[in-house]
Every structure is written in structure tokens, then in C-alpha cells.
């Protein structure tokens, strides 16, 4: 546990923190969860404001942040990007509609105590990394912590909630076979942030990480290198496969979900090619999590999903509503993990 | 008064509660109103969240809920249905735009302490009862109370405010001639929820209820049966007429407002027929509340309306701005009635 | 200082207040700023609600109000004009979409403790004064204070922040050469409210006010008369020029920004004429604040702007990001000035 390094820091990627720091966040989250259950008031951020800037829809993220900051005695200021002068990078400005993002960041730094941002997909030009660049630019200009509520590379708050849930259910991750798998969806437009952050968080804790996806749905090689390095360092393993069934065999945790292929968006191609994306998706409609494939896993395995899920495509109702599913526990842990991040950094 | 049956319950329809329970809500509302006037802080719901999900516009409902929950020390989380993954029933889902309503309900149950919903009209497919089914489905999935902020059958919070206002002005409802009347409006698209809930609430208190409407603007027969049964049980009466003037004659309370004909929306017809609706409306432009018709009422009669009203159509300025009008007292009582519901159920 | 005249009053224009009252607001603002810096909690408006009604985009105004009211222990209720029944003047109503503004004002008066409004430009029909009429009509109907968050005549909260910033940086305004100047922008649609309110506030404090603008960008003659009268009374001066360089010569403060010509909007012409507006703008692209023109000012002069600014047009990056710039201090003072107004009037 490392406790004296947080105040004033941004929370943008799991990899920006050491395992000792992630330990501290998780311990804090579990403590806050228990305090809330007992009805202990913890106004650790009294009279402080967190600005929530959303370029994309949100149910869990927005509401868990709004509730969490209120539990901490603070004020969540929800901003959809159209009701303000939309923050824009230099060169992308439009008079009296946008405002340079550094100006927005510096202004909000004068009023409140943290800025949380969600930006990916269309809002980040379907140019992999541009959403994260945007969040980093906000952070560089800000005098207050910037929290990543999901960009096109990372969803670190989801990663925290995922590890919390596995720890709660299985006690620890050490030696557990944990499978992040691609799954088919009629929507092609999901970012890679959830699988990348979930595996980053798990890679600290000695798990046997298995990453399953059809050819074409690989992740950022830098991220993969990070998981491998952590597996080496912390005594786990990392394996990649294009065989969903083999991956599920004997798994303790499965996390099948959809994401867009990085091969068919910028910068791999000049502009996102949705026809090619469609072809790739349509060739893999059999990547679904159903009862048959769940039978291959361990009897008490966990079915995980960050939600929203596309029922009937990524997963059947019988699995997500069945005994393996821990999806609402995951959702709840968003709340506690984020409260910990805010309580430590703000 | 019955006080031990509230915690954890939904508030969806007046008819879900006994008269003793409605008494308790009203007594609580008056007590909270007086405390607020004296400046007594009543943080009965400290650190609790109410989610407010709106599929339709709102001025009074939204703002009275937001202010009320704040008075109680809690947090109102306003959600318009587009900024989240729109909750949708099984079969009506659209990948990455909607989310199954049960999943939304279960997720919000992990973050907050109550869910309040408004859904009627287009948002409920103009299929009478579908809005209420949606609210009931949310409630069935939720672990926390669900409060109806107006669906296509009921507006129970309005019903409470209406009875509160009559009690404040007239002392009691017993023996009073209380007239709910249809009125013409250039907008055809108002639900029947207000008249149905206002009469439900009044039917507990021994009033001489008179329901006036042109042929074609009848209400749900099940509701009418409920008013008659209550009239029997609690010593009042219920009468239906198509003669607005006869209804106003000697009235203590008049409540003329517009609503769409149930004859020309589903399920009475396969899809809502707005041409037929227009014809029916246009034949009754004389159903207006003006000074002439108010002269037929008792000298100190009350003119009521839930607002917004269509001035010049449903009512003349001289009436709504005149000495009979209690519309802003009604509006204010929304606040106190809803605070009572939340303080008792959450 | 005059302290006993505030409770219950509207804050619509600087000119509605005496210099003694403006003194009191500024003193209160500085006191609240220092208390906040020291971490002193000042819940002066516990459990009170301010409704924020926006017809136009906002970053600073919205967020400084939301944070400020929270610092004071109250609740800021953000309303965009579409999510409610849009308030409309008599004659401009549309059934079930709008609601008469007096009805909205009276209703909100029953729920909360103040109403703040922003309305200018398209939302006020580009008819100079109509936005202010709207705010005044709201105030006439309300039982609670109405605060102007910028209409088409005034932005008094900006005026307060501007004077605060000059006082903080220069100690006082007496004898200082303070220049409000027009500047070019690719957006033609900015109101005259900022220059009008900034000069109104400065005119109380003995400054040598210089107003620079090309022919065609004059301000409201009534406002000019007010500045002259105050200059007479309080020992300053007021001068008007169409020579930007002459104005900047030896200036202590420069405030170059864009606004639309009153000559080409109603009521000067029947409807706003954007072609003529374009011609006038395009003839004055050289009205830009760059390093060359800043060299004419005093070495420690202040560059001011209310933000958002159009970088590269109104001002170069080197000036707004350079040593003269105090724009983020101005932005921050919005917070403290508005808190003072609310703490005094509510």
C-alpha cells in the first residue's frame, strides 16, 4: 500500500499507477463500501465540485459518479458537451460554438476541484488514441485532477470495479484463469477501452490471463506488452488465442464483450471503414456466450460484463440472468471504486 | 392513519393505497409544509439519491421533485431519456442506444434509493396503459421504491396536491360538489392521468364528484368503478354528465382541463387516429371555462388546473388570473405532497 | 457601503444599484473569496434553490453559479429551456410546448428562492432590449429575486468580476486609463451586454474610461449617458473614439472584444440584416489585439476578456497566453461576485 502519492494526481490509465497504489485504491473502495452499508456518513469532499463532461451516452458511469460524489459531500456538475462551448483542440475551433480545450480546462480549474471526461468513438474521430490525447491535454492544462470516465484507450474505473468484483467473489486472482473475450454485437461501435483496462488491472494480481478474439480484433500491442511484463513480474501468465471454446475451458472468470477492430479505424486506415468492419463482424456471429459454452467453464465461474450488453448477441438471457452472472455487482463496484479515486486524489 | 406500511413501497397509483395510508401521506405533507415555512431543517433522506427519468417535458414535476429531495437532504439526479442508454422493454432494444429496462432498473438500484419516472404519449406509443406497464416493469425489477411522476393512466402526485389544496381552502371535501370537466385545447395530446388521479384521490373523502365530458371523452371504466365503489364506501357520490353547465351549477370546485379521447388511441383502435381526434375536439370548442360559466358556481368556488394550461382555450385569462383560481397553491402542494411520499417510502 | 437594501431584490443591471450598494457586493465578494481560500464553510443559503434558465450556451456562467450556490449550501437547478415547457410571453405561446412566462415565474417562486436567466441573440429575436424585457417580465411576476445571467443589454455579473479583477491587480480604478474596445471575430452574433456592463461598473470608480470602436459599433446612447453622468459625479472621465491605437496608448487596462452592430438588428432595422453586419465586420479585420498594439499600453497593463474568445481574431495567442492576460482571474471572480449577489439578495 502506498498512500502519500495521490493528492492532486490525474486518474487516466491503470498503467499510470503502481500495484501498491492500485492496492490502496481498492482497499479504500472496500472500506467506503462497508461504511456506506453501515450508514456511516463520509463527507470527505465537502463543498467540492467534480465536473462531468460527457461526449457519449452513459448510464452507470454518470450515475455512479453523481451518487458517489454526493456520498462524499460534494457536488457533481453534469455537463453535456453541447450545453457548454464545446471544448476543442487548437485548429478545430469554431467561433462562439467551441472553446479551446485548454481555456475550458483552466476555467473549470478556478471553480471546482476535479474534471472527469468521457470521450471516444465519433467524438474522438474514430482515430484510435485521439480520445486519450484529448483527456491528456485537458489534464496538462488543468490545475486540478482529471479523471478518465472512458476514452478510446482506457476505462480505468471499469478496470477497478472488475478487479474488486473478482476479489469479492473469488478471494484473490492468483492462479485464476481469467478470460477476456471478444463477442459479436449488431453494434460495431464499441471502443477497446474496457478489455484493455480490465486486463491491465488483472495483470497486477498473478492471474492466468487469457485473451480470446478472432483475427482482426487484436488490441494495442503496447497494452499487450504491459500485461506480459506484469505477468512476468507478478507471477501470472498472459496468453492470446482465437479459439473462444479453448479459452472458456476451465475458466474461473469469463468476460465476453464486443469491440470494434482497430484494423479498420484510423490511424490503421486513413478513415474508419465500416464496410470492412461489418464484414469482419458478420464472419463471427458465433462468438456468443451461451449456456453451452458456459458448461466448459468451472462450475462456479463468474460471467462478467461492463454493461450495457446486447442481449441475444453478446450473451443469451439465460447466462446474463443466470447463476454465473455478477454484472450488477460489477456495476455497483463502479460506485465504490470511483469514490476511492476521488477521495484519494481530490 | 396507517404509518407502518410505507418503507420500501412504490408509489404508482392512488388506488394502490388505502384511505388510511393516503391520510398519512397528507398529514405528513402538511407537517413538512409547516416545518419548511418555519425554517426547520428536515434532512430525513440525507445522502440518498432519487433518479428522475423523464420521457416528457416537465416544469412543476421536475422542479418540485428536485427542490423537495434537496429539502430532505438528498440528491435528485435528473436523467433525460436520451442522455442515458434509453431504457427499453425486451423486444424494443436497439444495440448501444437502448438498454433493457430491467437492467437499467437493477443498475440504478445499486447506486441510489428511489427511481421516479414520467412516461406517456408518444413515449408510450399512444397505447393506453403501456406507460403504466413500463413503470410497473421498472418497479418489478427494482430493489428500491419507484415513484410515478405521471404515466398514461395515473398522476398520483397531482392527485395528492389536488386534495391537499381543496382541504386547505375548504376545510374538508365531505358533501362538496367537485367537478372534473373536460375542456377544449388546440393540443390534442394530453393524457387522462390527471383527471383519473384527481378523482381517485377525491373519492376517498365523501365528495359529490361530478365528471363532465362530451361524448367521446369518457375515462377508463375500471377507474370509474373505483370512484363509484369509494363513493359508496365513504359516503359520497359519483355522477357523470355531458352537460358542462349543469355540472358547474352550484359547484364548490371546478377543474376543467383537456385530454385526448381514449376512443381514438390504441388499444381502442390499432394506432392512434389524430384525424378522428381532431374532429372530436373541434366539435367541442365551446367547452371553455370563462367568467360566464364560473357565475354558475358557488360564490367562493375554487378554479383548479394542474398546469400548464392553454390560456384562451381551456380557460380565459380572467378566470385563471381571477379570485377563484388556486392554481399556484396546487403547484406548490406538489412539492409538499411529494416530499411526504419520499419521506415515508424511502 | 449600504447593507440593508438587498434582501428580496432582483439583480438585473448594474445601474439598478447605487455605488454604495456595488461597494457592498464587492466587499462581500472579496470576503467570500478569502473564506473559501481558507476553507471556511459558509452555508449562508442552506436548503435554498436557485433555478438557472438558459436560452444560450454557457461555460463560465453556468459552472460558476452551480459551484457558488453549492458553496453557499444551496441547490442549483439547471434548466435548459427545452426540457421544461419553454416560458413564452403572451401571444407567443404554443399549446403544450410553451407556457406563459408569468405562470412559470409564479410556479418556480413556490418551489425555490431565486431565478437566474440567460437570454439574448436568437432567443430574444435579435431585437435589442427584448431579452432584457423578458428578464424584467420574469422579475415582475416572481415573488423571489431574479438574477440576470446575461441578456441582450446587460451582463452585470461580468461587470462585477471585471471591476473585482482590476481592483485586485491595480489596487483601485481612480485615474486609470481603462479601454473597452471592439475587436473583430468571425462570429457576428455576440451581444453588447459585456461592454455595456463592464463600463457601467467601472464608471462608479473614477476611471478614465475610453470606449473604442469602428463607426457602426456604437452602444446604446442611454448607457453612454449613464457612464458620462457617473464620470461627472465620481470624478472620472468618459471618451469615445474610433482609433484603436490611440485608445491603447498608455492604457492601464484593455478589454478588446467583439459584438454585433446595433445598427443592423431590430429595432434599428425591421429584422436583423446579417449581410450588412458581415460587410461592417469584414471592413475591420484589423481590429485585433496583438503584441504590437499591446506595446502601446503601459508596461504592466492588463489584458482582459470575458471568454470565450476567438483566438487569432479578437486576440493572438501570444497576448491572451502572455504576461498581460488576467482572463482566468476574471473568470474566477465570476464565482465570488455571484456568490456575493446571492448571499445578499436571497
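Think of it as A, B and C in the order they're written, each chain with its own count starting at 1.
Please note the rule applied: a contact is a pair of C-beta atoms (placed from the backbone, for glycine too) under 8 Å apart; a residue touches a chain by one contact, two chains touch by 3 or more.
What you are looking at is a predicted structure, and each value in this text was computed from that prediction instead of being measured.
Asker: Just how much do you need to spin subunit B so its Cα atoms sit on those of subunit C, in degrees to the nearest 5?
Answerer: 120
Asker: For subunit A versus subunit B, which are copies of one sequence, does the interface use mostly the same residue numbers on each side, meaning over half shared, or is it different?
Answerer: Comparing the two copies, subunit A and subunit B contact each other through largely different residue numbers, since under half are shared.
Asker: Taking the mean of the C-alpha atoms as each chain's centre, how many Å separate subunit A from subunit B?
Answerer: Going by mean C-alpha positions, subunit A sits 41 Å from subunit B.
Asker: Would you mind listing the residues of subunit B that make contact with two or more other chains?
Answerer: Not one residue in subunit B touches at least two other chains.
Asker: Contact residues on subunit A for subunit C in the complex?
Answerer: For this pair, the touching residues of subunit A are 46-47, 49, 51, 75, 77, 79, 82-85, 90, 93, 95-97, 99-100, 103-104, 106-108, 110-112.
Asker: Per the contact definition, I'd like the list of subunit C residues that touch subunit A in the complex.
Answerer: Interface residues on subunit C, with respect to subunit A: 41, 54, 57-60, 62-64, 66-67, 70-71, 80, 185-187, 189-190, 307-311, 313, 328, 331-332, 335.
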